[in-house]
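Presented below are the structures under discussion, each in the form of structure tokens.
In what follows, chain A forms one complex with chain B and a second complex with chain C.
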Partner chain A sequence: MKQAANVLRREIYGYFASPVAYIFLIIFLMLAGYLTFVEGEFYEGRQASLLPFFYFHPILYLLFGPALSMRLWSEERKSGTIQLLLSLPITIFDAVLGKFLAAWIFVGVGLLLTFPMVLTVVYLGSPDYWAIFCGYLGSFLMAGVYLAIGSFTSALTKNQVVSFVIAILLSLVLFLAGFPNFTRQLESMLPLSAVNFIASFGFFTHFLSIMRGVIDLGDVFYYFSVMGLMLFANVLVLEARKAA
Partner chain B sequence: MGRTGKTFSSALGLLLAAGIVIFGNIVANRLGLRRDMTDEKLYTLSQGTRNILKHLETPVTLRFCYSRSLRDTPPQFKNYAKRVEDLLREYPALSGGKLSLIMSDPEPDSEEEDVAQRSGLQGLPIAPEVHFYLGLMASGSGGEEVIPYFDQSRERFLEYDITRAIYLASQEGRVKVGVLSSLKLFGDPAPNPMFGGPPPEQNGKPWMFIEELKKLYDVSEIPASAERIEDSVRLLVVIQPKDLQEKTQYAIDQFVMSGRNAIFFVDPAYTNEEQRQQFGPQSDTSLDHLFKAWGVEYSAEKIVVDSELATLVRTHKGPMKHPAWLSLGEANMSKDEVISAQLSTVLMVHAGSLGKVEGVDVTMVPLITSSKESKSLDKFKVSYGSPSSLLTELQSGTDTHVLAALYKGKLKSAFAAPPAGASGTPVKEAASTIAVVADVDMLVDAYCLRPIEIMGQVYGYQPLNQNVIFLNNSVEMLTGNQDLISLRSRGRFTRPFDKVLDIEARARKEWQTKVDEREKRLKDIEEEIGKHLKMGGDGQAIMTAEIQEQLEKARSESTRIRHELRALRRQLNGDVDTLGAWLKFWNIAAVPLFIGLCGIVVASTRSNRLRKQEG
Partner chain C sequence: MIEVKGLTKHFGPIKAVREVSFSVRKGEVLGFLGPNGAGKSTTMKMLTCFIAPTAGTASVKGFSILEQPIRVREQIGYLPESAPLYEDMTVEAFLRFVARVRGFQGKETDSRVARVYEICQLKPVRHQPIHTLSKGFRQRVCFAQALLHDPEILILDEPTDGLDPNQKHAVRELINSMGRDKCIILSTHILEEVDAVCTRAIIISEGQVKFDGSPEELRGRSETHGSVLLTLAGGNGDGLRSSLKGLASVKRIELLPSAQGKARLRCFPEPGKDITVELATWLRDKQLAPEEYVVERGRLDEVFRSITRSNGA
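And now, the complex of A and B:
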């Protein structure tokens, strides 16, 4: 675990030393603001609630999750530093966990920087603070899943673009599985119970409740279990590479 | 282990992990362990709803019709639709598989729109040929129950409305309502107003509220001498009974003790003018025994007078405000009860006051109360006193009085043993709800409806107030079971932008007078122009130069004012729009700009450091 913390520290430092991270944060924040105010019609809706803000997060992460995580392992593999990293006295699991946590914390910083949204609703009306807290919690957990998927696909290939594309495809499957517009289409083709089963693996399905202020054990379990599965797969892929 | 063996065991491990994840998710979802963190517990269904869903015997299908794909739907509508959808999604999980929810999007000219229209859903026209739908159809063994449109003003009763639709859709057959009264509510084939017949204004016809009830329920008349009330009757409405025999009292008592609900309309001075002139104010005490046992405190000897709610009535001295005629408004209605929350005009005449008998374990929930400026006076004083003398009485010692209330809880029987001639053992206690209304006049046609007459023929009725709606609401609520009744008003989902509302109110205050002034001036000028044009004739006569000049002047003045009005209207929204633009800037650009600056500072510090190191 101590080793994982070292990797995490090194990675976090790496993020803020590169201009890419700043550009990343700028685009993330501008897009989040734009989607909330323009597409979500936050101001026109006149409700002191962050639902129009959170509603776009699954879509936002669909782009940012793979983009942020594509370099986690591909870059190390391409530049050969992976050999160096794996020759250090740390386990693959520690390395995977450290890198993943660093990326997750980075997204957390991005989320924290959306604080003007909270100030806005507090200024305009009297929002439900617990609901806002739950929204942020849910968004952070969901980001973790996107990043875990990206981390896994990044370990599969040396090419960052390939990793990005595979991560987007995998994420898209889980995104669509719970996306209400898509599940409604499915309803006309499949029996309701089958649609519900498919939807139960979707990001949206597990984000809808927590975004509104309802914490469901099933939702929290979903996020952590999918994250765990992806990171486990990540470790297995790296172990296979190491052995090769 | 060789490389192939290792790969195989890795793949097996991954498969196993995936299996655990899938199985674990299924189990975790089924557990239903959740915590609603919202202030108002918006997404937690009440115990009453849970009970109804748990005890559904036949399947019920909910079809939620929402015009999701319509473009340009106002965001407020979308927000509310989302709220309704969120709440609806909570239902199926609690029904043990008996309830299914179908989402429907009735697009214009689609088959789904036809279905919605056929079922009686109301589309809100938002463009030519385009309707916005937001309603619900619940179908089950009891037929189809429809919520034609989810009106946001009923948001606090959203759960009640949905649960009621599900409950009714699952119940077979029409609900039977029994009405017991000494008045000829169902009409009298040979009216004789001299001897206790129906009031002359009813003319021997059934009372209109009975006709209204018949549209929704299977209404049957129960004779005032009944010794037993049928098991099929779901709700009993007792209206001003007179000299009830003990056996009938016992039948009413045991009806309530069977866990069914009842509504009582009683009046200390039922104002049937002819009767009053001949026999004095009518009142009766035959329900006293029952009321006392159920915790209802009511005196047939007192009438509530209220100076704030006094109604203008015609007297032989001309129109006067009469404090015993109560014009009740929104402030007098309980906002937490489905029956009264949305009422704003109810008329009561010579109403009594209600209370709770000390020591009886029931809950009294007021529905309608008088203002603080009211008093309960002796009925003879009110019946024979002049309005002005009553108003003098109201100058001191006033208080609020309850005029209608619900009594809920474990009601106790008024009978220890059956009365002579009745058989069986009385049920001693039951969870029931009764509504007591201390006025009967409010149901008289003349006090609640105005006939629409053409050439002496009555073509329909126009409501004078919401008295009939009050009765309908009461019957609707009390025909439900105790679980349905337990559903009270819920928290509000809406959290408006108070800041924006303040700005708008301020702007209106500041600019509205100017807008009004200019609108009035514009109207005057337009009238002036019209006059000039008339003077100029219909094109045949030639306008004098003077008229033409005045006309030109008026026209240019009108254009100027229109410009000013446009500018003023912009001002009205100006501050709100400016605030919106600023907020957009702060949220979209401010932090990114700051981060950009930080990035530049960090980068330049680092390159300086590097340069120094290299130097």
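And now, the complex of A and C:
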């Protein structure tokens, strides 16, 4: 675990050592603002609520999750630093965990920087603070799922672009899996049990309830289990490379 | 300190390393020689537990590379081929990261990092991002990383690759100075390096160990080992040749092209015999003063070629 913390520190350093991190944060905040105020019709809703803000997070992460995580392993493999990293006394599990947590914390920083949204609703009316807290929590958990997917796909290839595209595809399936239109399409191709299985992985439904201020342990468990599954797959891919 | 037993690695149909076995003791500097693609790097990567062997095993200070990879890595300082580094970090941040991973904290980190700055002469670039460094500095940063925990075992994959002659010399000095109380494996395809730093050499080719012995023994395999090159003024080549043929320790004579009025000959000894004393006596008896009298120690590149050339079998 201590080694995971060391890897985490290095990754965070890696994010902020280049201008990429700042560009990321700025675009993230601008896009979040745009989606909330324009597409979400924040003012037109005439409610002191951050629902229009959180509502677009699944789509926001669809872009930012893969973009943030695509370099985690691809870059190490491409530049050969993975040889250095994995000949230090660090287990693959620690390295995977550390890198993932670094990306997750980075998103956390981005979320914290959206605090003007909170100030806005506080200024405009008297919002439900619990709902805001739950919205942030749900959003953060959901970001973790996107990043775990991206971390996994990043371990599959040396090419960051390939990693990015596969991550978007996988995330998109999980995102759409919660929508009836998508599952109906699947029903024509797959047996019902398979469709239900995929639908149960959809994270939008889980997000909706948390966003409305209902923290169901089942939902939280869902997020952590998908993250755990993806990171486990991530470890397996790297272990397999070692033996290949 | 290092025991390698039947180490084998296949990449799909390619047999990169085939049943390589050897052991290295403290105080030895083992030169790993071989053509490109012979399996040097692959063997080293298995020793640092970066890749897993297909068959066979190895132990480092008693720790198995299969069962205790983390303990093995703790014992080793490793310089990977072509010095991969985190480009976006400064030298200082990078070395501190490695020091933390190696388990050092606070003051200890400071002194460890300061020590490798000293050894590798990195002070002037400590605050530079690594991507701005020249090849020589990069190589030294990677070397510094391997020395931070003052490991007893060093595994260096082409430590002087891409360095200029002065830097090469500096790295060799460094290896020489550490060699006595460490166990060092270094790969190279520069043969003079074996002379300069190694106490032992292993040649691997096509994934197999083809030679294991001291640089002297390696040279002993050379055709020209122990032969003497003579240049005599005003001599008649053929006449000298027949006269020299009579000596007991001389196996054969080779006439070499020479300037007008001079004779150049190479005298090969009978296997296992020393030619120099008899030849000197002969020269004195004939009252000849050679312009050149060179005892060949043998040429490593010649041996290297004959050992590694695929014999088609």
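FYI, the second predicted complex is superposed on the first by the 223 of 244 C-alpha atoms of A that agree within 3 Å, B and C clash if a C-alpha of one lies under 4 Å from a C-alpha of the other, contacts with A are read in each partner's own complex, and residues count from 1 in each chain.
FYI, a residue touches a chain if its C-beta (ideal position, glycine included) is under 8 Å from a C-beta of that chain, and two chains touch if they have at least 3 such contacts.
Bear in mind the structure is a predicted one, so any value in this text is a computation, not a measurement.
S.K.: With everything superposed onto chain A, say whether chain B and chain C fit together or clash.
M.R.: Fit - chain B and chain C, as placed by superposing on chain A, sit side by side.
S.K.: When the two structures are overlaid on chain A, which partner does A:48 contact: first (chain B), second (chain C), both, or neither?
M.R.: first
S.K.: By the touch definition at the top of the document, which applies to A:134: first (chain B), second (chain C), both, or neither?
M.R.: Only chain B; A:134 stays clear of chain C.
S.K.: With the two structures laid over each other on chain A, which partner does A:200 touch: chain B (first), chain C (second), both, or neither?
M.R.: first
S.K.: Looking at A:243 after the superposition, I want to know if it touches chain B, chain C, both of them or none. Which is it: first, second, both, neither?
M.R.: The answer is both, since A:243 touches chain B and chain C.
S.K.: Go through the superposed model and pick first if A:89 touches only chain B, second if only chain C, both, or neither.
M.R.: A:89 contacts chain C only, not chain B.
S.K.: Looking at chain A, which partner touches more of its residues: chain C or chain B?
M.R.: Here the partner covering more residues of chain A is B.
S.K.: Output check: A:10 vs chain B and chain C. Expected answer is one of first, second, both, neither. What do you get?
M.R.: In the superposed model, A:10 contacts chain C only, not chain B.
S.K.: Quick check for you: in the superposed arrangement, does A:30 touch first (chain B), second (chain C), both or neither?
M.R.: First partner only, chain B.
S.K.: Measuring by CA atoms in the overlay, how small does the chain B-chain C distance get, in Å?
M.R.: Superposition on chain A places chain B and chain C at a least C-alpha distance of 6 Å.
S.K.: Does any part of chain A touch chain B in one structure and chain C in the other, and if so which residues?
M.R.: In chain A, positions 17, 243-244 sit in both the chain B and chain C interfaces.
S.K.: Flag every residue of chain B that touches chain A in the complex, lowest number first.
M.R.: Per the touch definition, chain B meets chain A at residues 3, 6-7, 10, 13-14, 17-18, 20-21, 24-26, 28-40, 42-43, 75-76, 78-79, 82, 86, 89, 100, 102-103, 105, 494-500, 580, 583-584, 586-592, 595-596, 598-599, 602-603, 606.
S.K.: Mind listing the chain C positions that touch chain A in their complex?
M.R.: Residues in contact with chain A: 11, 45, 48-52, 70-71, 73-74, 76, 78, 80-82, 84-89, 93, 97-98, 100-103, 129, 142, 145.
S.K.: Which stretch or stretches of chain A touch chain C in the complex?
M.R.: 3, 6, 9-10, 13-14, 17-18, 79-84, 86-91, 242-244
S.K.: Mind listing the chain A positions that touch chain B in their complex?
M.R.: Chain A reaches chain B through residues 16-17, 19, 22-23, 25-26, 29-30, 33-34, 36-37, 41, 43-49, 51, 113-117, 120, 123-128, 130-131, 133-134, 180, 184, 187, 192, 200-201, 208-209, 212-218, 221-222, 225-226, 228-229, 232-233, 236, 239-240, 243-244.
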